[in-house]
Amino acid sequence: MIQFNPADLATMLPELFLLGATCTILLIDLFLKPTQRDVTHWLSLAALLATGVLVWRDAPAQGASIAAFNGMFLRDGVATVLKVFVLLTTGLVFLYSRDYLRGRKLFVGEFYLLLLFATLGMMLLVSAGNLVTVYLGLELLTLSSYALVALNRDSAVSSEAAIKYFVLGALASGLLLYGMSMIYGATGTLDLAKIHAIADFSANSPHRMLLAFGLVFLVVGSAFKLGAAPFHMWLPDVYQGAPTAVTLFVGSASKIAAFGMTWRLLDGAMGGMHVHWTQMLGVLAVLSLAIGNVFAIAQTNLKRMLAYSTISHVGFLLLGFVNGSASGYAAAMFYVISYALMAAVAFGMIMLLARAGFEAEEIDDFKGLNQRNPWYAGVMAIAMFSLAGVPPLFGFFAKLMVLKAVIDAGQMWLAIVAIVFAIIGLYYYLRVVKVMYFDEPHDATVLELPRDRGFRWVLSLNGLALLALGVAWGPLLDWCDRAFAVAALIPR
Amino acid sequence: MDSIIAAFHWFVSTFPTLSMALGLLLLPLVPLIIGVAMYVWWERKVIGWMHVRMGPNKVGPFGLAQTFADVFKLLLKEVVYPANSNKTLFLLAPLWALIPSFAAWAVIPIGPNVAWSNANAGLLFLLAMTSMGVYGIILAGWASNSRYAMLGAMRSAAQVVSYEIAMGFSLVSVLILAGSLNLSDIVQAQAGGKGLFDWFWLPLLPMFVIYFVSGVAETNRAPFDVAEGESEIVAGFHVEYSGAPFAVFFLTEYANMILVSFLAPILFLGGWLSPIQGWVHADVAWYVDWIWKGGWPWLFLKVFFFATAYVWFRASFPRYRYDQIMRLGWKVFIPITIVWVFVAGCMKYFGWVTAGA
Amino acid sequence: MSFQLICFYAFAAITVGAALAVISVRSPVHAALCLVLTFFSTACTWLLADAEFLAIALVLVYVGAVMVLFLFVVMMLDLDLDPLREGFVRALPVGIVVAVVMLVEMLGLIGVRSMQLPAPPEPAAAAGMSNTSWLANALFSQFLLPFEVAALILTVAIVAAIPLTLRRRTGTRTQNPGRQVMVQARDRVRIVKMAAEKPAPAADKTGETTP
């Protein structure tokens, strides 16, 4: 009988710390008056920071993969990088949304608690070494997300978005579970590494059909969670309906986690069958690029436009997988991190402009921003250029890395398709810039900025970071490369 | 008459297995039904005495046949269907209440491994069966197409589901100490040389109290009988029932009460074990040895005590108000049981309580 | 064909039939009851597979608690499902296509099954213990982490349910029965000791006619 090993607890110290901190905040928040909610805010940020420090401090040596709880939980380079950025983007969500929430009577402890629980779920998800842990981490994340989207109960749009998100999310979880059960049936194990060792698609394999069906369901489930076309239906409604603070979370941190899940499932478990899933992902990527970029053009709502832009970015992300090798995954990881940071700026700007009773989510709301506040118009312009992939910004190099990986894989036509759609995408990003710089504002008054100085500073820094990382992207890419290069070398 | 006997012979010789199964099924049911009849008589008698009345005393010696007379009267009465009621569900409801309450008896032991089914997961089976009984009440309330019935059903459903949690936790603490889900093993785990101090009521005293109180609430009996609440909602879920279906509800309720009265001693008071076990060692004669060696008479004495306690409660306590019932269940019982499950775990882990002799 | 196999087919047929009835009967209460039957007969098939703990837990949790609340809600809402069913016939072709795809898939699995290696021995039987205790051992050793994470998910559900449902309306007048019961005589009646009123002197006599 397998015994409980106390050393396992040390392996997942950051997660345990975050759990303990969350429970403590839950208890403290109970005794706070609504006017003292700032305490919850700062405690949550402190918890994220401390967890980040723990993740950083306990980063495993290069190439090491420490397993705990019988392989249920893995701590390796990939998990470390993803966790650091999950914690970072969640911290950005907290920093950006305080005034926004306060203006909408959503400044409640539950927002912080649910986000912290979701963060815990994401950390488990990117560290999962077992199909069961993958599923439970995912559920912890999505269950919190459903509630967060529905947090603004009095808004009909919000409730509609939450119901759509819930129903389609539950369907996706069902598909994922169905696929997992088939793979379990074919291989007799739930452990990702063991599945990797068993699952191959050679002609003499006795469970070919079962594995193939399982693989299809895993791909579909992951695509649902990432929001890749044609499984993207929930995305625009959720982005538009959710409070912008929650949209920021769903669009940044949880995309990083979804990348981690996809990688764990497809490479970690089904790596032996990558010839087959790369084809599927190629189709998904092309569809996502086409649908995302074309539909985004027609949008007048900025949040909805960013949702379609997310779909197209997911297409790019999946292109990184098409390579099926460490360099491709590293490019995809680099891409998802860059996307999360860019989306944070874009949604942060929406929250910066929003007032009580005014969402600033229409593109027209940005008219003439340059005349009202040139600095933040500049920040938004950087975000838009970066999302469009204009050199020398962060987004350009992310696209470049992915395209390089695709060309390395010998899929020249995919690269060409991607470039064509990226150029089409340029149109709607630049339209926002045009609206900000060349249109007359509705009211020419100077923009009234939120009181929260931290928000303004961090948002500006975030925008500048897109510029800085566009110049000095080497270390980050190097970090991503190291995470994968070694992970692929170690015998599984 | 001869033809009936002949048909019986033919049936038994043609389907021996089936006949045996049917016989085995009837074996617990007939005593149970008679027991229910006696219990109803005893309840009326005891309450009568408590009210300084006579109780039933006209039909049969000491009024013993009174219940049978009532049952036959009910069976011969017309079944009235309320207008616009759902007839199928209206008739299904009493059966759905009755079947689980009878099925639960399959795992009740009356001696070491003497049970109709000495199932491994007996305790779980019991919990499952008692939780099914609530359907009968809900369906009765809904199918009657009556507001009073619906209100009674709603109250009952909420109450039963709430108290099931506390009850489940107290059973969990028993199974932690006994280390088994088999009811016979649970009784044997209470054997020892310290007499009644080896039984689980001592380490699990709060659970014992909570179990029995929850049992009273689960069976919708006074002082938790808001599901019937004569003074507010006439008779609750069975207000529209008459004749045989009503008799079935009546039978179910009393069968459930006897079930709880059996479970309380089995789980907490050593079942058939003697309260002076281990203190007296002697072999006198088989008809007195059971007093210290233990045997089914002890079980039935304990059951008799709890069954009477039901009646005693009914005569003594005023009815709880609905919100008080919910408060007691959720805010008092469930927290206590959760804490005590932890305590029971400690008792087992540190060896303060050991199972068996 | 052994007795167990007959039982299995009977329960499986009931499960499928009841599941079909869940989505096809008109009344929502009947549909909920059919779902109860589906759960129950599923539990019976599990019992046949010696998975007694799972079977009884299914009955206990789903039949005994979840479906009771479900039924409760369905009865209280008094749903009119006809508007919801309008799209049923229209969506039927799509539904049938999906069902056929699933069926083909299942046939694919059965095709796989014929090639399958013999099933591994039942772990509980191999370990020589009852299904329940084997499950407990597995849950608390090998699957300890997922077990705890599942508990965490339930916590999230509770935390999430509070902001989504708790609504403090201002201006409503409600009783607090607990406080009402706690009331004592001295909260309601104030007994004041005072000197007895003496009748006014005779000079006041004139005012007596006009009280």
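Here the chain labels run A, B and C in written order, and each chain numbers its own residues starting at 1.
Just so we're on the same page, contacts are C-beta pairs under 8 Å (C-beta built on N, C-alpha and C of every residue); 3 or more make two chains touch, one makes a residue touch a chain.
Owing to the predicted nature of the structure, the values given are computational and were not obtained by experimental measurement.
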(request) With chain centres defined as mean CA positions, report which chain is farthest from chain A. (result) B
(request) Write out the two chains that share the greatest number of C-beta pairs in contact. (result) A-C
(request) By CA centroids, point me to the most central chain in this structure. (result) C
(request) Round to the nearest whole Å and give the separation of the Cα centres of chain A and chain C. (result) 33
(request) Find the geometric centre of each of chain A and chain B from their Cα atoms only, then give the gap between the two centres in Å, rounded to an integer. (result) 55
(message) Rounded to a whole Å, what is the gap between the Cα centroids of chain B and chain C?
(response) 24
(message) Looking at the complex, which residues from chain C come into contact with chain B?
(response) 29, 33, 36, 52-53, 56-57, 59-60, 63-65, 68-69, 71-72, 75-76, 130-132, 177-178
(request) Please give the residue numbers of chain B that touch chain C in the complex, ascending. (result) 89, 119-121, 124-125, 127-128, 131-132, 134-135, 138-139, 142, 150, 153-154, 157-158, 160-161, 164, 181, 321, 323-324, 327
(request) Name, in rising order, each residue of chain A that touches chain C in their complex. (result) 1-4, 19, 26, 68-70, 72-73, 108, 110, 113-114, 117, 120, 124, 130, 132-133, 136-137, 139-140, 143-144, 146-147, 150-151, 153, 182, 185-186, 188, 206-210, 213
(message) Considering only the defined contacts, which chain C positions touch chain A in the complex?
(response) 105, 108-109, 111-112, 115-117, 120, 137, 141-146, 149-150, 152-153, 155-157, 159-160, 162-164, 167
